[in-house]
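To keep things clear, I will list the structure first and then write my remarks on it.
A, B, C and D label the chains in the order they appear, each numbered from 1.
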Amino acid sequence: MSDKLLKIEDLVVHYITDDGVVEAVNGVNIGVDRGKTLGLVGETGAGKTTTALSIMRLIPHPPGKIVSGSIELEGTDLLSLKESRLEKIRGDVVSMIFQDPMTALNPVITVGDQIAEAIMIHQKVGQSKAAQKAREMLEIVGIPGNRAGEYPHQFSGGMKQRVVIAIALSCNPKLLIADEPTTALDVTIQAQVLELMKNLKDKFQMGMVLITHDLGVVAEVCDDVAIMYAGRIVEQGTLEEVFNTVKHPYTEGLFNSIPNIDDRRDKLKPIRGLMSDPYNLPKGCSFYDRCDYAMPVCETQKPPKIHFGETHFVECHLYQEQQDFKLNGGKE
Amino acid sequence: MSEVILQVKNLKKYFDTPRGKLHAVDDINFSIEKGKTLGLVGESGCGKSTTGRVILRLLEATEGEVFYEGVNINELDYEGMRKLRKEMQIIFQDPFSSLDPRMTVSEIIEEPIKLNKIITDPKERFERVLELMDLVGLSRRLMNTYPHELDGGRRQRIGIARALALNTKFIVCDEPVSALDVSIQAQILNLLKELQRKLGLTYIFITHDLSVVNHFSDDIAVMYLGKLIEKAPAERLFTNPIHPYTKALLSAIPRPTLDKKVEKIILKGEITSPINPENNCRFSDRCNHAQDICRASEPPLEEVFPGHFVACHLFKE
Amino acid sequence: MSNKSEVIATENLIKTKKRSQGADVWRRLKKSPTAMIGLGIIILFLFMAVFAPMIADYDDEAIKMNIKERLQPPSSTHVFGTDEFGRDIFARIVWGTRISLFVGLISVSIALSIGGFLGAIAGYYGGRLDNAIMRVLDVLLAIPTILLAITIVAALGASVLNLMIAVGVSNIPGFARVVRAAVLSVKDEEFIEAARAIGANDFIIITRHVLPNSMAPIIVFATLKVASSIMGISSLSFIGLGVQPPTPEWGGMLASGRAYIRDYMYIVMFPGLAIVFAVLSLNLIGDGLRDALDPKLK
Amino acid sequence: MTRYILRRIFMMIPVMLGVTLLVFFIISLTPGDAASMILGQEATEESIQELREEMGLNDPTAVQYVRYMGGLFQGDMGRSYATGKTVSSEIAQRFPNTFVLTVSAIFLSVLISIPIGVVSATKQYSIFDNVGMIIALVGISMPSFWTGLLLIIAFSLTLGWFPSGGMEGFISLILPAFTLAIASTASITRTTRSSMLEVIRQDYINTAKAKGVSKNVVIRKHALKNALIPAITVIGLEFGILLGGAVLTETVFSWPGIGRLMVESIQRKDTPMVLGSVIVFALAFSVVNLIIDILYAFIDPRIKSNYS
């Protein structure tokens, strides 16, 4: 476990609202190796985006608050940095792509200027040099450089997302955080953008945190996977470990919920119930009331972290006594 | 012998835009048998939702006919249509905007019953509402809550209950699960399937997600820029797609598995919109195999195998 | 499936139930101290308007000239002092409340019903009807509200009735716009389509679905418009086109007191404050309502 | 761009025609007879009839309107009943004064309100914001004619810094301009703040921050331009309110502008003058709205490309 690019430890983030405290992230531990891609998977409200924004230190405050934990980027603790230092890191060492390309670009600034801005800030070059580099970046993401003078509304959704990618990569970041980068796109456009991202990831040699709810996207792009539920990482491992030897009941439930396109007789087995109220998380395991394997201990005690080898672990009571517990696969 | 419940003939829907006529639905034909599901698949702007709405006359057709149990619904007057609406219903994509935020769950489910005077006795009506809530798996204690207090999955169940409240036989499901999380999506899909079995419903299932309809549909029709480009029994469409767009669409779906790797077909270009379209194959500018003929004339929809229709010039070669 | 006892059991379970949405809005409104202050002030004004005869005698204190007591500074007998004719300023302010609130409410009602109707059908039916209505309103909007009101009163002559007509008519285009925008924002929601799909006709759709869901901005706008109408009424009276003397009206009191400001500034101070408090309180309530009715804040 | 501007100017024509028609007919409702008013009380019935015939007052209103419009296109708005001078010359003489007053007021408002609105939004719920917003709300609740009187009492009668009325140089402009500016300042501040709050919640602001753009630059470069779009709308609307307010302010400060001319003319039942003043006000307002729309096109590229 050496050479970590990003290391998050015991991250806790709360949103303090009039109706109470939302425990969005409760003790997340993840790491990203240089040049590797971690898929952060979960459903709405799992805390994925909050985790990502915490790395950027862009949690809206108030109401958001990073309560405790540490986020180290190349050994530097981001949580202790001053705003002025953070501005030097953002866009240069770590970049972020947001979910909705339709709203992620400033409507009144040309796309060329929006790309050039980051270059001018971080590479201390003049306007014409930056504009030149911006055009190159556009070409890299597959847009003719002569469109640099156009405004975002003149581009389609897929093209906009390419521009957003160009902005994020303009200063060769070491870490890219991509928050559902293809969710808002059509399937054939998603395929184009994913292809582009895979190529660029190799070309730019960067680490990546890919946030998604789509295990299919993970299978295509990621090296490692972390499954998030109710603000915690419930299972983590390499792509093979998580996909081939599913350990956590929630992960299993996710897989069983996805319609299998290649086998139409495959039965859908949804996870029953709903995610717990984030204002009022249960005392024990958050997945307890939806879990088919739940035991009395799950209701009262937080599940322990159980390791299977160096990289694969789950947080689940099932494996505490019997390490070799087998999930039944959900297929009757 | 199964009977055809709905037949669509040469249906067209054009919209006026500042830049010209938008051919949202352009001369499409299909039919559905009773108790079956037709999956209507395509990406944004292909006209699938417009088709669904024209079928229910929520939008008026520009040209063409829709027959429901032999009746041409485009010729019905308001009263006639109102009678038919008791049988033809719709479930919407967005569980957040399809429910009136100022009505409670029970009021929403009750409205169609009251409006169409199906049950006039309030006590009996109340019972019927509870029965419908049971049917779609909504806990009875939620009856006086407002939609905004509930999650997407439950809201979608309300929408389903409303659609079933009448004497429903036919439902247009317009992307009913695409706004939901995967685990909830599976719950709703299973519910819809079970209801179909129990009540003998016929569905048009509109979606952009082929993997969802695979589970669901007997037949699948693929649309691209207002045109129906391929239609086949589901089994056949998935194993033996013919149109290059269908092939690309199928391959583009990310598979959540590490074993069977499917070769991806990456299309060039973007989806445009069918404003004042030329007489050519609408897919020709993105198609990896396009020939001169594709750019010169529009391919007709032809039956290439029994039940399998394709609109592509290249298949003949 | 469900037997009677189960139904009854459920009924009992639900009895506690159905919070009305009005109560929800009130609960949120109560959280805003400024809105509550506004509400307090306006209730005070309403109280003054309703019970004016018990507070001060109209003929004796507000109308009758009393030269012996002219231009008295505030004192225990005349808390706000007396004007140039020796009339009690406090009594005139109390009676002026009636005029201001009454004319304000009536003219907003005129504007709301006519403008609201035009806006609703323009927004709901769209197309040519919408175009025709909006072009006519564009003409009305091209003349600044208060100038339109002045023109109307100038032509019809100054009277309370004409004042209401003038202020009401000049506010029609504003209401039409707001109602139209509100209807437009609701009209394309899927629940309207859903209502059509279950066989609801236009009347049911408009009254049961469109209007209830577009009420929030209209209520806020109407509240703010009562405030600005009160201001408009005093403005017209100030330039001699509104309520005619000796009828007490705040703007008119300022106009006639103007000549005495050098030595008797309280003459203009109190009527002015009355206008400010009345307008401010309604603005506070309007702002509070805007937040309380906005579902986005939830 | 030119196409857009031309189109906008073209759209103004029917509106202005409608305005003249509407105002003409409203004014024609005025009771009383112009001829007898001009000739005074001693006039004979005969001479009144003669003058009526001469002025065309016996014609139907529609005919009178057409005749008026014919004159209007040649810059002829008739003659004042009271002074006998042409309406156009009176208005031409007064208009610059109203122009100076309203334009200084709007400049003053924009200058004060935009920065305060921006700062309030970036420091939402701070003391600055809370106090600022209360002041703004009080500001829009104060009638300008009353504020004007208070300012006269304080700065002219008590302190003697400024004249209490009339128009003698720059110094006499200060109090009326300030009075007129208060309400619009308050309401532009409120709009700027709320649109700024809306804008800083947008995704592209996060994109900018994620690029490493510093906080101040995010506000100045990315947020402000977008927030100005709704603010400009309000500035346009406020200008209309300001023109209306000029009627009152000019009355309070005896400022010789069209507003006061209009009030005096109404009191004298000088209908050609009233008519002329209202039309000029409406025209001025429409021109302001035209300028606003052109400004839009410069700020918002989406409008520009719709017409290219």
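In this section, a contact is a pair of C-beta atoms (placed from the backbone, for glycine too) under 8 Å apart; a residue touches a chain by one contact, two chains touch by 3 or more.
The structure presented is a predicted model; accordingly, all values stated were derived computationally and were not measured.
Taken together, subunit A and subunit B share no touching chain. The interface with the greater count of contacting C-beta pairs, when C-D is set against B-C, is C-D.
For the pair subunit C and subunit D, the distance between C-alpha centroids works out to 23 Å.
Centre-to-centre separation of subunit B and subunit C, using mean CA positions: 48 Å. A separation of 51 Å divides the Cα centre of subunit A from that of subunit C.
Touching of two or more other chains is recorded for no residue of subunit A.
Listed for subunit C are no residues, as none touches two or more other chains.
None of the residues of subunit B touches two or more other chains. Touching chain pairs in this entry, ordered by label, are A-B, A-D, B-C, C-D.
Listing the residues of subunit A that touch subunit B in their complex gives 43-44, 156, 158-159, 186-192, 194-195, 213-220, 239-240, 243-244, 253-262, 264, 266, 268-272, 274.
Within the complex formed with subunit D, the residues of subunit A that make contact are 56, 58, 83-84, 87-92, 95-96, 98, 100, 103-110, 114, 117-118, 121-122, 151, 153-154, 164, 167-168. Put simply, subunit D touches subunit A in their complex at residues 202-204, 206-215, 221-222, 225-226, 299-302, 305. Against subunit A, the residues of subunit B that register as touching in their complex are 43-44, 151, 153-154, 181-187, 189-190, 208-212, 214-215, 234-235, 238, 248-258, 260, 264, 266-267, 270-271.
In the complex of the two chains, the subunit C residues touching subunit D come out as 34, 135-136, 138-140, 142-147, 150-152, 154-157, 227, 231, 234-235, 238-241, 251, 254, 258, 261-262, 265, 268, 271-272, 275-276, 279-280, 283-284, 287.
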